[in-house]
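Heads up, the next two complexes both have chain A, just with different partners, chain B and then chain C.
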Partner chain A sequence: MTTTDVDPEAARLRALVLPDRVHGSVYTDAEIYARELERIWYSTWVYVGHASEVPEPNDYVRKTIGPQQVVMTRDKTGAIHVLHNRCSHRGNLVCDADRGNAGSFRCPYHGWTFANTGDLLGFPFNQGYGGSAARAQLPGLGAAPRVESYRGFVFASLAADGPTLIEHLGAAAERLDRLCRLSPEGEVELTAGWVKHEVTANWKMLVENETDGYHPQFVHSSIFSISGSGIGALYSDKSTAVTRALGGGHTENDLSPEFRRLGVPMGWAGTPESKIPDYVAAMRASYGSDTADEIMINGSPHVMIFPNLFVAEIQLFQIQPLAVDRTVQHVTAIQFKGAPDLNRRLVTQCVGSVGPAGMLLADDAEMYERNQRGVAQRQPEWLDLTRGLHRERLDDDGHTIGTATDETSMRAMWRHYLELMETERSGARPSEEP
Partner chain B sequence: MTAALDIDVREAEQFLYREARLADAFALEEWEALWTDDAVYHVPVDPDADPRTHMSIVFDNRGRIATRIKQLQTGRRHSQRPPSRLCRSVTNVELLGADGGDTLVGSVVQILESRDRGTTWWVGRVTHRLRRVEGELRMAAKTVVLVDSDRSLPTMSFLV
Partner chain C sequence: MEDVVANEFATVAVSVDDRGNSTRLRLEDLRTGTVRYLDALELESIVWAPEAWMRALLDPSQHRWRDADRGPAQESLDP
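Here is the complex of A and B:
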């Protein structure tokens, strides 16, 4: 349901987000940011964590949904919950440790205890509530009403209703399949820990940059020019790679045409087979030689799953807005189950590239921050999104594609963004319901 | 614990101060020359984690130290264009002991970094592994454990 007639902010947004340009204020306006939290971050499916971060019953790990602090728990039956880190009594944080194993959480303030399912277990001196039976009336921890996972990737929605996770992921789900196929056991694990990189920029600057194939040659020329990296060529005018809108605001730089042209197993990772013999052998044993080689030639996806999960071949980023101009990028090296020799190389490679001192990401971060300062300037007000508009086309699957350096991905992101932002969130403003 | 026989705390301090001054001034070639051929430059997230299997902020072998320096020298390392204005103090210098022929030296570093985005105060405990090579002190390893290494950090693309 849309409330286009009654919602002046939706009308204002439609004037700021156009098919070929966006207004600078969408990155700086605190009211727009507040609406984004409600319509996007607290409504749609948001990536929270990976099942491998809570492998055992009663494991928990602290995570975030934008500015919201949550705890992802695995209960004793194996089910995963996403709980708000807030005592139902006086609002205290109930979980301090970043991770651990516990069947329950005890609030330090007045000793209320909660199961890792969120249920209230007990409250000291219970006669003050008329006895322990009051437990049935008193609230437990707030819990994300919907938690689903796909291939171990756990998403939560803070809205009770909406599309299912698989509907939300759409074609992006196959990109996670492609990633998992690179494991001889068909699974990825996020066990390498996290680097957290904070930038003074709006979160959408990051989302747009993740699949912007136009910037690498410029932003990263310093490292490409001295390291002999082939990455720059993937994002050139001559590249056969494509930028693709996957629907739902999800986008990718599909580099696999270039990887296939190279035709070398693990060529996409810059790692010759001879360096990772155990991995290559395990892949061929699992999938058969031909399929294994095809998987290892095609490589890993470069996909931005709206609004906060970015898989960039060997590393995974989780985007967390903290304020209209503050964003944290959490990053880890992807680890493939059953591939210890490859995994060590991936950690080394990832550490060199990402984070506050990373040879790639430090310079991306500099661009986000310069952009954020730039859009605060008054003229010319708009950011241009026209690159490649004239040469966009549909692929065989009906997805819009552009060349490697086209802004197809940004335009698609903004279309979806506007759709979410102008749609009334069910129950959010009951006074406006007819 | 004792230091390797031929280094006293004054000489160690002089080395640390010089290293700090060269890093602040982006005297890149001179700073790079302080490293041994088998050097390891490490800024961990979790100092207790194995850096071969866990994320670090920096984990450079000698080759990657050279790459980091070359990247700065291109003049296109955007996060250092213009370079950060830096002033660091090195304190609490302590000889932690000897390991093989190397001396382990502990210290505390406080760095004020000024950039367009604002100023950042970086503080950490540092361990240098010093070795005498052809009569000159060199660093075989430097580990910087930032106070807030596992929290969100802004860009830190200078030489910490």
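Here is the complex of A and C:
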């Protein structure tokens, strides 16, 4: 990695992102945002979609990498591709539908036709190019140079070089394992449909909030009270839950100590065994009673995988910046393969929390937008990041942890952010845990 | 019975036609009304056709959008 001491923009950023505070302009400055796109969104691994969204050969879905429109395809052989949604002729969007099944895509502007691998198959009236042989000389659809998946989660990097996906994920990979273990078949499926929710706020507001354990008791008190959820109480200084920096900018609120203290299978989901007998039986048949109960007691992760994949126990968010002050949250209910009775309940719960009228999503969205308007005010210029700084410690795995309400996660995110933003070349390696 | 096979790029009505002495598949491009019938052997041949043949078939210059000075579409495709 090369730190660009002579890069004035890097020097300016170092003055704006400090270990215990961050300047308000990092949420509002268009030049900083432009640099974020190049150094973060178009360089590191970004979550694109899930393999279950393209289950059949020739399935495709439209997805995003920040403001970039991409198409995630599964070709005839089963391989997954991430293609730029841009005709190589005149730059028109080639795919318009959110999803479909097609072995080839035909641009509606002049009929240039591409295989779902990106190869150019042909174009109308080819004598204008000297015949069909010209096809070999003309470009196909642009493709993400690197596409890898972990447990069905497909990530792409627009940089040709850099860390592998597994290096990028680091300890966060185990959190995806933990999620998948909640399926009797070891797989999650993202088949419940998506809510796309745009907020007038900078994308980092969302990333910080996802593992901010300080806000739930205030912002989400109404949904916790009407739903009878005990989750809110877990975000307190008395809780044994911890906020953890996993390295690489990835962070989590680990509520599992509280769930283990409760000791009730599926207690984390507020769902008694009697409501989901088929699921519980399938889990015990797959893993054995003891292991199944351990999995069902420990519950689902609450992890923010930098920069855009947030798993919040039963729902998944994909964060997409559109501009310095515009961000879309793509949200879906997580579905566990082989668990139809549980899945029905999860969809119902997610409708209440993050559906179009969901209270959790609305609560947070209001805070994001108020925050964005707030940081535009002139004084004070800085946002404070000191909560819990004096009581951070290392856990047995060497990860920095704080209490459930500490800002350990934000500080870790900003450290990684600064490392990426300072780096001269794309594809920076993930930061080491301090 | 007629079904429609559609994606955002094409919309084709598909039905089995039994007016002849044996059945055949009737395909209608619903965006233009153009119809083609395929008999069983033609269908089997499509099933067995090499991938390069299908890729060539998808080249618009081979048929619908062929340059007029090249004459009608050739019986053998030009991959």
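Convention: the second predicted complex is superposed on the first by the 420 of 434 C-alpha atoms of A that agree within 3 Å, B and C clash if a C-alpha of one lies under 4 Å from a C-alpha of the other, contacts with A are read in each partner's own complex, and residues count from 1 in each chain.
Here is the rule we use: a residue touches a chain if its C-beta (ideal position, glycine included) is under 8 Å from a C-beta of that chain, and two chains touch if they have at least 3 such contacts.
On a predicted model such as this, the values are computed, not experimentally measured, just so you know.
A.B. asks: After lining up the shared chain so the two structures overlap, which partner does A:Arg106 touch, if you call chain B first and chain C second: first, second, both or neither?
C.D. replies: Only chain C; A:Arg106 stays clear of chain B.
A.B. asks: With both structures placed on chain A, which of the two partners, chain B or chain C, ends up touching more residues of chain A?
C.D. replies: B
A.B. asks: What is the contact status of A:Thr348 with respect to chain B (first) and chain C (second): first, second, both, or neither?
C.D. replies: So A:Thr348 only meets chain B here.
A.B. asks: Once chain A of both complexes is superposed, is A:Leu389 in touch with chain B (first), chain C (second), both, or neither?
C.D. replies: neither
A.B. asks: Show me the chain A residues, by the header's touch rule, that chain B contacts in one structure and chain C contacts in the other.
C.D. replies: none
A.B. asks: Which residues, counting only chain C, touch chain A once they are in their complex?
C.D. replies: That would be residues 7-10, 51, 54-56, 58-62, 64-67, 69-70, 78-79 of chain C.
A.B. asks: Residues of chain A touching chain C in their complex?
C.D. replies: 76, 95-97, 100-106, 111, 113, 115, 119, 121-128, 132, 135
A.B. asks: Mind listing the chain A positions that touch chain B in their complex?
C.D. replies: Against chain B, chain A makes touches at 98, 191-200, 219, 221-223, 225-227, 328, 331-333, 343-344, 347-348, 350-352, 355-357, 359, 362-363, 365-367, 369, 373.
A.B. asks: List the residues on chain B that touch chain A in their complex, please.
C.D. replies: 43, 45-46, 49, 51-60, 64, 67-68, 70-71, 74-79, 81, 116-117, 150-157, 160
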